[in-house]
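Two complexes are shown next, each including subunit A; its partner changes from subunit B in the first to subunit C in the second.
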Partner chain A sequence: MTNEEKYLSIFKESFDVDEATARTLKYQDIPAWDSVGHMSLIAALEDAFDIMMDTDDIIDFSSFEKGKEILAKNYDIEF
Partner chain B sequence: MIWELEKFHDRTAILDEFGGAVTYGELAAEGERIVSAAGGRCLVFCLCTNTIGSVAGYVSFLNGGVVPVLLNAHLERSLLEELLAAYEPKYLWVPAEMADGFAGMESVYRVYGYSLLRTGYPTEYPLFPELGLLLTTSGSTGSPKFVRQSYANILANARSIVQYLELDETERPITTLPMNYTYGLSIINSHLLVGATLLVTDKGLMQREFWQFFREQGATSFGGVPYTYEMLERLRFFRMDLPSLRTMTQAGGKLTPELHKKFAEYAGSKGKKFVVMYGQCEATARMGYLPADKAVERCGSMGIPIPGGTFRLVDADGGTVTEPHVTGELVYEGPNVTLGYAESGEDLIKGDERHGVLETGDMAQFDEDGYYYIVGRKKRFLKIYGNRVNLDEVDRLIKGHFEGLDCASAGVDDHLYLFVTDGSLADEVKDFIVVKTGLNQAAFKVIVIDEIPKNDAGKTLYKDLAKYYE
Partner chain C sequence: MTFEELLQIPPYSLGHEEKHALLTERLLGLTEHHLAHCPEYRRMLDSVGYDSGSISGYEDLPFLPVRLFKELSLRSVPQEDVVKTMTSSGTTGQAVSRIYLDRTTSANQQKTMVKIVSDFLGASRLPMIILDCPSVVKDRNMFSARGAGILGFSIFGARKIYALDDDMRLDVDGLRAFLEKFQGQDVLLFGFTFMVWQHFYKELVRLKEQGVTFDLSRGILIHGGGWKKLASEAVSPQEFHDRLRDVCGLDRIHDYYGMVEQTGCIYMQCECGHLHASVFSDVIMRRSLDFGVCGVGEPGIIQVVSTIPESYPGHSLLTEDEGVLLGEDDCPCGRKGKYFKINGRLKNAEIRGCSDTYAARFA
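And then the complex of A and B:
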């Protein structure tokens, strides 16, 4: 599985949404992505990519797109 | 009157993240206008947010003899409609942008982004003179069961909290819990008593704006349910530099002993206080607390009774437990034990049904030195992210909506399992209960089984379900 696929599937599973929805998703767009959902998402991403994210990156992680940028820039994950 | 607002006339009572500020003097003056617009004592449903308008309305109503019912502004609409029908309040206090959603209700006053809407219901139920406030027991399943709190209850509990947390006017608590939730409200109630400044925000721990506001305004304390502390750990909280922070409180369920220890040790090493507390809406808010200097030593304990209260344990035969490490139901006595419940408007005239004694439904033990430990629950409910969720009520909601479906719910705190016999309805059942409770879907899991285990009398054997999730 590519990183892109892994990333996408974590979004789909964490929030129970389809691909099209996942790709444009922003924090609090849907009830599932609240603070609880955010924590599950971060936990799943950390497990999948074997990383430990910093506080700043966790609280800046405000959308599907922004999350990819953060992972690419600060954790050397290539998409 | 609960608060002597004029005593702190020039001090700031509430600050929000957008630069909004209200002094105690302004709060007092605005309060008179709000209450006069409502025409004196009556029932008002407040759709709460952590904003200046929401808090100012609540404070004005309570201080002015108007009885508020505090509900989450995001409560599902059909559940709200049921509550409105059961209680027929004279007014709604709602965020101004929501006012248009209530057709036929006239806005009679508007301030701080909130509107007072006259409902026009024909009935006005009489209110018991000492009745001050109504709160929901679950906060989420929209049960029409409200807890009736008196003015004396609210004042007594707020004073106890001020005493044991040693609050003064230099405190600046930041909101991390909804104000319609009894624990969140107790923070507001106690701090306004001493002239402190409330920092209100609807932003959460997982948002940059929250921490910006926290740092810019020098927050001194916050409260959290167990889930809050799990999130803080995940956020690498122990590495954050928060010089203004003095106190962290925890309630709304039992923290794991590991997490209790971590936060207690962190607080101890940084010169901050970590205070584990115990309470229920039926006791206004707080009943017990573990003094900060005992947080490490008595890890896992919820502490001792708050000032003015007493605990005792009652065993299965109704006798009082006198030996340490013996389990009994925790019974609390104190001036903050609420009047009782209401299930509809007719109950609002009812007087004090508890007479200062509350059987908590929690099973507990005490140690040799009198520190109490919660070990279980008598009733079938879970705490999901700090919200009490009654499992029987969940079953009723599902059975009511899905005709002919056999189901049973069970689980552990923060994890609710919905057992159903018809797999084709699994997704629908989950979606339904997520919408009804307004809680994150991560807490719910549907398990399909051949049949719900029952005894000969047809009673569900919930214990037999435990093997599926333990």
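And then the complex of A and C:
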């Protein structure tokens, strides 16, 4: 599985959404992505990519797109 | 200055004059914002003849009694912008506060809290033991103060366990496995004061009598939520600290003061045992007779101001707590700003701290 696929599947599973919805999703757009859902998402991403994110990055992680940017820039994950 | 710019200031870096100017500007702005967007707030300020021209500093701004949020639905945003409603932890039969958050205010609460706590914990996230039960964050639409506290602090946890099950029993095996896994590392513990005492400390004492011990000398405990119940058991903050250290070696312990009506702006206890106001908020002790401002060492009713609330008019509130200002800008820990201590609830006020409302069931 590529990193892109891994990332997408975590979003789909965490929030129970389809691919099109996942790709445009922003924090607080749907009830599942609230502050509880956010911490579960971060935990799932950290497990999948074997990383530990900084608190600032967790806070800045405000959308599907923004999340990819953060992972690429600060954690050397290539998409 | 926008809130984003304010957030870039290290939380304990400003002396009195700079902080006073900064807070006055921001809080005056928030007062105007709520006047324009919350009709109930406007009526209240009209009735006391509020005039922004007569404000020379933020201590001149009007304050609302904190219990007003139990009686009125106060919002400064349309209902459809509310993403989260937080409630105070009232026991059955007591009214609860309802605090309405939009995206901006909710996000700013978390950002602020991270800035403040990072000053004490450092930037790295730690293995975290939550001294509570998982069910407390189950209802996601209606956040209790307890759930919000746990969730807010969870961001500092890298790997997390709940140390208690839903019957509030200590998960001895789970705790042991967790501590073994992270042996030799700092571990963050978080819980509400009474829960820590009742379900963690007392259980550790019982286990120790059976020869089962835990080493938490690498632990950092952050706890809050009220001392009322423990005070009635004659447990002082010093004794709380001493006895936890004796039973498990836990020695880095930070109490904090905060309330659901001003989530995000918590007041952390430093290494010298003092509660500190960050640049994002402040406390003003007031005399009960005329609401004049108390001097250093003089007990008074605590007014709290916060730079965060935009979606509800809660930026200047009179609490039901009594406190004493201990000093400003000169705590030996090096942090600037006011430092103070809490004497307790005002007499005849309702019991409503997070840990205290839970404790009421043990009365």
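Here is the rule we go by: the second predicted complex is superposed on the first by the 79 of 79 C-alpha atoms of A that agree within 3 Å, B and C clash if a C-alpha of one lies under 4 Å from a C-alpha of the other, contacts with A are read in each partner's own complex, and residues count from 1 in each chain.
One rule holds in what follows: contacts are C-beta pairs under 8 Å (C-beta built on N, C-alpha and C of every residue); 3 or more make two chains touch, one makes a residue touch a chain.
Remember, predicted model here, so these are calculated numbers, not experimental data.
Upon superposition of the two complexes on subunit A, a steric clash is found between subunit B and subunit C.
Within the superposed three-chain model, A:D16 lies in touch with subunit B and out of touch with subunit C [touch as defined at top].
When the two structures are aligned on the shared chain, A:D54 is found in touch with subunit B and with subunit C. Of the two partner chains placed by superposition, A:A72 touches none, neither subunit B nor subunit C.
By the touch criterion defined above, A:S35 reaches both subunit B and subunit C.
More residues of subunit A are touched by B (comparison of subunit B with subunit C).
Once the two complexes are overlaid on chain A, the subunit A residues touched by subunit B in the first and by subunit C in the second are 27, 31, 34-37, 39, 54-55, 58-59. Those residues of subunit A that touch subunit C in the shared complex are 27-28, 31, 34-37, 39, 46, 52-56, 58-59. Looking at the complex, you find that subunit C touches subunit A at residues 83-84, 103, 106-107, 110-111, 114, 118, 123-125, 137, 140-141, 151, 154-156, 158. By the touch rule above, subunit A contacts subunit B in their complex via residues 14, 16, 27, 31-32, 34-40, 42-43, 54-55, 58-60, 62. By the touch rule above, subunit B contacts subunit A in their complex via residues 204-208, 210-211, 227, 230-231, 234-237, 239-240, 385, 434, 438-443.
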